[in-house]
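Following are the structures in question.
Shared between the two complexes below is chain A, which has chain B as its partner in the first and chain C in the second.
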Partner chain A sequence: MKFVVNRDLFARSLSRLQGVLNRKATLPVLSNALLEARPEGTLRVAATDLDVTFDGRIPARVEAPGRITVDGKRLYDIARSLPGEEVAITVTPEQQIQLKCKNAEFVLLGQGAEAYPTLPSAEGVELTPIDGVALRELIDRTAFSASTDESRPNLNGVYFQCLGEGRVRMVSTDGHRLSQGERDARREKDIPARDGVIIPRKGVGELKRLLDEAGAEVSFGFLENNLVMATGELRLFVRLIDAAFPDYKQVIPKSTQRNVVLERGTFLGSLKRIAILASERTHGVRVELSGERMVLTSDNPDLGKAREELPLDGYTGGDMSIAFNSKYVVEILGVLAGDKVEIALNEALSPGLFREHGNPDYLFVVMPMRL
Partner chain B sequence: MSQELARALADARSAVYLLHGDEPFLTRRAVQWLRERVLAGGLEDFNLDRFDAKDRPGVDRIVEAARTLPMMAERRLVWVQNAEALFAARGDAVEPLVRYVTSPDPSSCLVLAASVAVDKRAALYKRIQQHGTIYEAVAPRERELAAWVAEQARARGRTLTADAAACLVEAIGRELGTLDAAVERLTLFVEGDAAIDLAAVEQVVPQSRTRTIWELLDAVADRKAAEALARAHELMGQGEAALKLLTMIARQFRQLLVGRGARASGASAEECAAAAGIPPFRARAFARQIDNYSGRELLAALERLAEADRSLKSSKLDEELILEGALLDLCRPGGAADGVSPARRP
Partner chain C sequence: MRLVLHADMDAFYASIEQLDDPSLRGRPVIVAGLSGRGVVSTCSYEARRFGVRSAMPTAWARRRCPQGVFLPPRFERYHAVSEIVMAVFRRFSPVIEPLSLDEAFLDLTGSEGALGPPERIGRALKDAVREATGGLNVSVGIADTKYVAKVASDFRKPDGLTIVRPEEARAFLAPLPVARLWGAGPRTVERLESLGYRTIGDVARADPARLAAELGRQGEHFHRLALNDDPRPVVPERDTKSIGYENTLERDLRGAVEIRPHLRRAADEVGRRLRRAGLRARGVRIKLKTAGFRLFTRQMRLSEATDVAEAIYAAADALLAQLELVEPVRLVGVTGYDLTEEAAAQLDLFASATPRRRALEATLDRVREKFGDAAVQRADDLDAADPPRE
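Moving on, here comes the complex of A and B:
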């Protein structure tokens, strides 16, 4: 096996694999990257942890085709530090990988590709173009509320559903709050409706990485229980969570009696200030609506108290007092982009609904606390 | 059983529970019982928070979850597994939890489930004692096991006969989870409302280690030396210690001696078995075995077993060899009465 490849392309293709390489896996070969020099003049650079697979191809001058696996992190560290523009790689019959670049030379011990797991193939998968930018935004604004409790696999990811007419929806929840986003992500053709799937948190992270690189030009499809995302010569396979996402629509309030519109930045600033003295146990901040003002308070027996008033223009919903985990609300306000935020409430013990004012694409539900 | 749990667990109405004790099966069952009731009719996915105290999730996170109101449900269940770690922690570390227990959220049910008995001197324990419910999972005693097994069948709407329950306990031992699973299998095996009898147990319960111990004891009592040696090797291959097997055999010979005494005073086979503490389903085999040995032989056998016991505890000889020697002496016609024990051989 012998080939010459552009150093930057090679290093970039290896950098994509870093989140997938698993040094602690029971199969040691999973810490390796798979390199495959193909006769048609491409180098395949791939890795899998059996749940997420990155599979890419870059142009290469292939003198002798072949396959080998090698420690993916070491190879990446070497590739990105090499001085020249091109790297010449030769694999000896003893499975030693020689890298030459200008006057630098490295020899790495490889391992035969026959021990590497069979990678999924996107061949034959029907890929539908989708707006990667819209998808990236949906992930940014919803994935943060996915549960980290691994004993609840169905909450351990982001629910992704194609609604038809080009619209896609993402939802996540940890049982204390819920985020839902919906966007028209159509590009060249319609995105047909299909049942929702749960993309695991790790897969969502790798998907974000791919979207960062690809921009809008991506396509997606499904291969058995895998989500396939493609851009150019790069394919990402994410094994989906085989569980039913809860009936999340039940927890979204259908109607609300008290609706408040606030400047997002002002509210966020106040909330962060008041949260400084909130209990470290619960991060609870009390929100009181009274007349045409909102009063935020926190009370920590070990530290002291804080209080701040915000004016409410045209609020007529009546007095009420409710408490929220300030961390949850701060996170929501942090992912929203508009200037104004709507808060819709019913009773002190009913969920609070947060939205970007004038943008129906996103909604967030937060369960109150009893302080 | 459900009524007992309902009583012990205050009908699932407490806001804080400590479930602990030396019987993890009972603790697990109590957690499941609470889970079914606290989350009934609600959205379990949204209202169950699970923590493992071994992972040190932080007491603050537990309190934060317990203070969060349930979503579209009456109550939220906050379940902390391996909670014994919290009771071993220093006072400051669990102070937020102690404070929470004093004034818990009525719409949350905090369940601290420990896999062992926790320290009852801990401040957290005392506070739960005042403000919550404590359930101590204590394993039934050996003599209560058959009744416990029968109760598991009754809770499933079925009847397990006394000899079937005794056989099940003899075959499986004290492991409550395995006993309960066996009762479950038996209720499926015996169709309809028919009582689960000894024949069903013998068909359904797989060959177990205890069963093989019975086979070893039977082989010795029936003087079948080859079979006794084979069973003994099998058991030692499964990790049983020679000393334990010897103890079981000695117990068997003591029972035979008691049974023989009862027989001499005119007792029936069942009465002999009862006098020796033999379960009813083994009464017939026991009566036969009494006749295999004279009183003198039984006393000699016990003496021989005592020698082997001493050898196992003090001799450098291989334990397998010591046991084999004892088994051959016990099974030999004439028994150990006319033999010279290997321990005394040069």
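Moving on, here comes the complex of A and C:
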């Protein structure tokens, strides 16, 4: 096996794999990257952790085809530090990998590709073009509320659903709060409607990596229980969570009695201030609507208390008092764009609804606390 | 120097029956499940002479002791008496660690000035229990460690009082069989004996490195116990840092399918103990020991503190999935840690089954308290239940 590749392309293709390489896996070969020099003049660079697989191809001058696996982190560290423009790689029959670049030379110990797990193939998968920029925005604004509690596997990811007519939706929830976003993500042709799937948090992270690189030009499809994302010669396979996403629609308030609009920056600033004296464990802050003002308070028996008033000119929804985990609200205010935020409440123990004023694409639901 | 007292009521349930019905005194009384699959809870010392033992199937006990008086348990009564007994213990020390209805550790460190020498404290405690209950006996062991105190309370049962001074502790332990090592089940005993350790003295004299090589961390643990090196403090219930339950199995288990029912049983027990203590756990840990004595533990934090067995089991099962066990497993344990007294302030979006589930489990607690553990069981466990080995 022998080939020559461009150093930058090689390093970049290896950099993508870094989140997938698993150095603690029970199968040691999973810390390796798979290199395959193909006779048609490409180098395949791939890795899998059995749940997420990155599989890419870059142009190469292949002198002798072949397959090998090698420690993917070390190979990346070497590739990105090499001095020249081109890297020449030779694999000996003893599975030693020699890298030469200008005057630098490395020999890495490889492992035969036969021990590497079989990678999924996108061949035959119907790929539908989708707007990667819209997807990226959906992920940025919804994925943060996915649960990290592994005893609730159906919440450990982002629910992704194609609604038809090019609209796609993402939802995540940890059982205390929920984020939902919807965008028109059509590119070239329609995206047919289909049942939602749950993309695990890890896979969402790798998907973001791919979208950062790809921009708008991506396509997607499904292969058995995998989501396939493709851009150029790069394929990402993410094994989906095999569980039922909860009935999230029923927890989104249909109508609300008390609706207020606030300057996002002002509200965020005062919420963060008041949260300083909230309980360090629950982060609870009380929100009172009283006449034409909102009063934020926190009370920590060990430290002291805080209070701040915000005017609500023209508010007529009536008085009420509700408490939220301030971290949840601060996170929402952080992902919202736009200057104004709408807050819609019903009763003290009913969920609160947060939206960007004038943007129906996103909504956030937070369950209150009993303080 | 520490001073630890271990108090263990003698044949607790059977003695209560004899106390309440004087015609039973001096007769073999066996408190047991009387159904076809029932087992013996407790038997009086008269019944023990016929070879009746706790946990023996009731049918066997009837064969061994046909003249025995077989009674169904009256748990409400036993709980009431237990409260009286624990109240007596609290008069002797503010730091008491109940292990069950009829057994507790008391930390007496520094009490000698007020209560007198250990002998006097032991006598006074025994008299006070007898007086408060109207005639029940308790066996008492006093030593400078929990381990030796516990061994001592059993030493001259029934109605025993054994005081082991620190300088005598090793000599006291030395002739005892290795089965008296804390944590040594029947199979560990077999293993110790096959390695040539018959008495605790043999273990004390052993090369700790060799013990560790042969038995792993358990080997070190046994060696320390044999030398009366047991620094564990008496932990009152309210200061508990974790609540766990583990079970060494009659038969090795292979694979998740066989392990899960035992995880579930342990989770049920942890949930029950949490509820009894008024605590919730923010973390769940599982512990598995393989037939080769390798120990595996995994733990995770929950998104909210819980005392619901169902949620504890869900976490335990997710942790089990993280382990790739090749070897068979001989011990399964579940622990709830990072405990809190607060109820969850954060409400759940999916007004989930949790509150109903908690209500169900609390109801089962009350049923078991009144009618005994066997009153309600999982259908799975009925199939799995095989009679204890004799």
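Here are some notes:
We take it that the second predicted complex is superposed on the first by the 371 of 371 C-alpha atoms of A that agree within 3 Å, B and C clash if a C-alpha of one lies under 4 Å from a C-alpha of the other, contacts with A are read in each partner's own complex, and residues count from 1 in each chain.
To be clear about the criterion, contacts are C-beta pairs under 8 Å (C-beta built on N, C-alpha and C of every residue); 3 or more make two chains touch, one makes a residue touch a chain.
Worth saying up front: this structure is predicted, and the values here are computed from it rather than measured.
After superposition onto chain A, the partners chain B and chain C occupy overlapping space and clash. When the shared chain is aligned, no partner comes close enough to touch A:22: not chain B, not chain C.
Residue contacts after overlaying the shared chain place A:172 against neither chain B nor chain C. In the superposition on chain A, A:280 makes contact with chain B only, while chain C stays out of contact range.
Of the two partner chains placed by superposition, A:13 touches none, neither chain B nor chain C. Using the contact criterion defined above for the overlaid structures, shared-chain residue A:371 touches chain B and also reaches chain C. When the two structures are aligned on the shared chain, A:180 is found in touch with neither chain B nor chain C.
Of the two partner chains, chain C is the only one that A:148 touches; chain B does not reach it. Of the candidate stretches 199-207, 217-225, 253-261 or 271-279 in chain B, only 271-279 runs into chain C once the two complexes are overlaid on chain A.
Residues 149, 151-152, 173, 175-176, 246-247, 251, 282, 284, 325, 349, 351, 367-371 of chain A contact both chain B in one complex and chain C in the other. Chain A meets chain B in the complex at residues 149, 151-152, 154-155, 173, 175-176, 246-247, 250-251, 280-284, 325, 349, 351, 367-371. The residues of chain B lying in touch with chain A in their complex are 43, 45-50, 59-60, 63-65, 67-72, 96, 100, 105, 107.
Those residues of chain A lying in contact with chain C across their complex are 26, 147-153, 173-178, 246-247, 251, 282, 284, 325, 349, 351, 365, 367-371.
In the complex of the two chains, the chain C residues touching chain A come out as 284, 300-303, 311, 314-315, 317-319, 324, 345-350, 352.
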